[in-house]
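Just so it is clear, A, B, C and D label the chains in written order, and each chain counts residues from 1 on its own.
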Amino acid sequence: MPELLRLEGLKKSFGALTAVDDFTLGLDAGEALGVIGPNGAGKTTMFNLVSGDLRPDAGRIVFADADVTALSPDRRCHAGIGRSYQIPHPFGGMTVFENVLVGATFGAGRAEREAYGECLDILQRTELAAQGNRLAGTLPLLDRKRLELARALATRPKVLLLDEIAGGLTEHEVQRLIATINGIRRDGVAIIWIEHVVHALLAVVDRLAVMVFGRLLMQGNPAEVMASAAVQETYMGIAVE
Amino acid sequence: MDWVSVILEGALLGGLYALFAAGLSLAFGIMRLVNLAHGDFIVVSAYIALFLAQTVGLHPLVAYPLAVAIMGLVGFLLQRGLLNRVMGDDIMPPLLVTFGISIMLQNLLLQIFSADTRGLVGGGLQTASLALGHGIAIGWLPLLTMGVAVAVIGALQLLMVRTRLGLAFRATSDDQTTARLMGIDTRLIYAVAMAVALVVVAIAGILFAIRTTFDPASGPSRLIFAFEAVIIGGMGSLWGTLVGGIILGITQAIGFALSPGIGLLFGHLAFLAVLVFRPQGLFPRTRGA
Amino acid sequence: MSVNAPSGRIVRATRASRFGGLAAIVIVAALAAMPWWGERSAMRTVTEFLYILALAQLWNLMAGFGGLVSIGQQGFLGIGGYVLVLLALKLGVDPFLAVPLCGVAAALVACPTAAVVFRLRGAYFAVGTWVVSEVFRLTFANIIWLGAGTGTSLTSAMTGHGAWKREAITLWMAVAMGAGSIALVYLLLRSRMGLALTAIRDSEVASRSLGVGVPRIKFIVYVLSAFGCGMVGALVYVTKLRISPDAAFDINWTAVMIFAVVIGGIGTIEGPIIGCLIYFLLRDALADYGAWYLIALGALAVIAMVKAPRGIWGLVQARYDLRFFPVQRRIVVAPAVPLPRGGRGRPTADSEIRR
Amino acid sequence: MSLLAVDRLDAFYGDFQALFGVGLEVGEGEIVAVIGANGAGKSTFLRSVAGLLAARRDAIVFAGQPIGGAPAHTIVGMGVAMVPEGRKLFPSLSVEENLRIGAYRGRPGPWTLDRVWRLFPRLAERRRVSGTAMSGGEQQMAAIGRALMSNPRLMLCDEISLGLAPVVVRELYAALPGVVAEGCSLLVIEQDIGQALRIADRVYCFQEGRVTLAGRPAELTRERIAAAYFGA
């Protein structure tokens, strides 16, 4: 599979605190990459650099063979980078359906009427169909997270960035989320997924990366990575003692 | 055209503008609140001083400080009773409420004091001037105003850095929720901050009213001068506001010297120039590293 | 208007809006026919009501739907007035032809201005727009050719028209602007751009990440509003026939716009209509008490912001869920049983949509 | 009579319920740990006790007094200090000023500036530096020092090992017994289960806003913890 996204030597610091430090990582088209690491390791900051919400102090981002490092977030979305946020940002004054419609019309650039069908389909896939007419501002936390996924999907991304979307779900809900994400993968969409619910990640991703103190500690086959002593010592803290 | 005295006079005028701006900068620094009635409170304090001195007949040295004290109380009650209710993440409610207050104050003053222009007695201060030689003379009042401005900004700076209240102001400004975890009653701190802001506004209002005549509609342009001084100087730094005021004063003085009509226009254009080429202002106080 | 989709139709119209549409047509027709049945003072009041309504709708478009609080729209109104002086008085253009041109002039001025004021955000953007309006005021106050500070009269530009014709055209233009501004806001909000505008108001960060070009949308809305304000400015001074910088660029224009929208119901199309009605009723009721009506208006706006931030129409909507200008796209699952309504409480399975 | 008694505590974000009838106790001089997955309601619980979230008046009783729903600044005055998640030091205040603001209420007690310098010597060297211009570990020490400066009887710690290297975490946890010895009980939220079991006298496990397990570390087997943690 051709390489879709390449992060080269990304660096970002806030005053004396280096959030992302010389971070290099690649992703092939259609591939699913899991990212784990303790809180405060710089995972969300890395996402902000990829989506364009933050500009890196150093390093480059190449997407579909084009350097997007200086591109604004909306232009990166048109290029195919779909982003969902760890802390949901719903359009509170609009209905759930309209939230998704924004992604379809502006992200995927489709005429409003043509996008209706696809938006209803996406609401179905993300179990929000019953909430379609509800103001997004009145949604509970779990549905807000689903809305983040649905909106990003509506922009027809080539790569979808997921940020702790399984947190707080029951086991049953996690299984259904895994099914939804595998369905998205079948459409050929690449995925980068930051997650704490490790067993959900392992059921979907082809590769696992571990990020600690803004650096890539290690990456590779998920089972091998989880088994390694270094990962467990810094991240899990349980197994070693 | 004696450019030296024009620029000197403009610089000293900057002291008054810095006083206008200090109250605005304080309220924004601590509470992220831009009080659109800021200019009208300057005029209100002038009218209170006028009322105490001329109608009630108190001696200016009693009436003016009393007016300042009253304005401090007004600030405390305004914040505690009204503005605290609309403070929040959404910037629109406080903006629209203070705009409503501004229109109400202007028209209330109109109904009570009519539209005639008024002036405060300055005990001959307005006319006295100091000869500096080479035919250059500067008025005592502008000099005094600059002195008061430096003193007030110095005092505010000391308050912020040296006192327990100053610590609480800065902590609340950084992170209101965590400040409450330190035992700070942030609603009370907001009220005290507005009280301090309106005390500075009253001092500015009285010096302004001694210097020139004023009427119920003089408020809005004072707000704009305060706003421009803050932007030119750099948001959040009081000393930057003083320099911003001086620059604004000088540009206006040059404009007036060229042609009476375009004095203020020069000031606005200087403001827009800074906005376009250096939006963060000349001396932005860099947030903690 | 509905579109068939696999599992439901997308519908917007409500029973209220069908009724509303009919009523609107009747009202517009009645107003337009006033020159034949209305007497002069009533026509003058209706003209004033309609152009203030247009100003309120445009301010509401920017602030209520776009989150852009400007207190400098009087700047473009003034420009409209002075371009009218330039065209009609100095260059002999027919004043009624000049009105739309004044709108275009204001829009052109708004382009560079937008680049400056959009460097500021939130409350600072608001005061920044005010400074810009002051720059316009002082500029015209220093142009001797256009009457400088004391202003100038436009009566000599009106000679080409008889009294009845002048008042009829003025009224028709006012009807066009009042109804036009409502139609503009309504159609814009039903369009793709309307989606983007309200998305920006709710979360600029999320809008950008979903592909919305935020600066472009803000720019379009700012220039559109300037165009509307410019035209209204021209119409105002076609009726008043006397213009001065202090009157044309008076902050009270903005005060009336804001209070009408805030009291009536910000972020709705019905709100400004109610707000303007209250403004006129209050002004007439306190007509001989000097400026007390402005004090009362300000007080009402402050109370509204504290007690009922969504204004009178917000209260009505919460109570009766009426929508005369439905913008919301609602899913209707086949057959005609709509999905449970959103809004206040939890959606219950059996709740029928309350018309 | 326990120092802190929480009984049938519910908590809401808008109409989303985050806590369902939570009961928990902290005795005098005790260290209680709370573990649970992300989003299980641990932080919500701490924020309710600290007064940042609305709560039923008698749902939370501290030293015999109901404090449920009381404003946060009065609860701190009664001796409940909090080390918030993400440390939240004040950027425009120096390290020393951050510590001084901790003593804003001026409650009497053993903790003074010098005691904190002795507890965390590295902070003394950095006293002039801005609160956020330090490493994660140093910031965590300053946040704990700031809470101590209010001379609390109960210190609430929210994920103090967050994003810190293990050696730094060990150093922090080594300092805690000294704090308890001075008469301050601890209620610690900890993501790292091993660390929680080592330090705590008693452990509660949260899952989806409910207490699913409570007991002494010795009684808790890995299986019971896993079941309580994941709700399998």
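Methods note: a contact is a pair of C-beta atoms (placed from the backbone, for glycine too) under 8 Å apart; a residue touches a chain by one contact, two chains touch by 3 or more.
The model shown is predicted, which means the values in this text are computed figures rather than measured ones.
Put simply, the chain farthest from chain B by mean CA position is A. More C-beta pairs touch across one of B-D and A-C than the other; that pair is A-C.
Centre-to-centre spacing of chain B and chain D amounts to 43 Å, using the average Cα coordinate of each chain. Mean C-alpha positions place chain A and chain C at a centre distance of 41 Å. Averaged C-alpha coordinates give centres for chain C and chain D that are 53 Å from one another. Between chain A and chain B the centroid-to-centroid distance comes to 48 Å (mean Cα coordinates, whole Å). Shown for chain C are the residues in touch with two or more other chains, of which there are none. Shown for chain B are the residues in touch with two or more other chains, namely 288-289.
Across the assembly, chain D contributes 15, 130, 132-133 as residues in contact with two or more other chains. Considering their complex, residues 15-17, 38-41, 138, 140-141, 164, 167-168, 170-171, 196-197, 213, 233-234, 237-238, 240-241 of chain A touch chain D.
Across the complex, chain D meets chain B through its residues 50-52, 71-73, 76-77, 81-82, 84, 88, 90-93, 97, 100-102, 104-105, 130-133, 146, 150. Those residues of chain C that touch chain B in the shared complex are 63, 67, 69, 71, 115-116, 119-120, 122-124, 126-128, 130-132, 134-135, 138-139, 141-142, 148-149, 251-252, 255, 258-259, 262, 266, 290-292, 294-295, 297-299, 301-302, 305-306, 309.
Residues of chain C touching chain A in their complex: 3, 5-8, 10, 191-192, 195-196, 198-199, 201-203, 205-214, 267, 328-331, 338-344, 347. For chain B in complex with chain C, the touching residues are 28, 33-34, 36, 82, 85-86, 91-97, 99-101, 103-104, 107-108, 110-111, 220-221, 223-224, 227-228, 231, 259, 261-262, 264-265, 268-269, 271-272, 275-276, 279.
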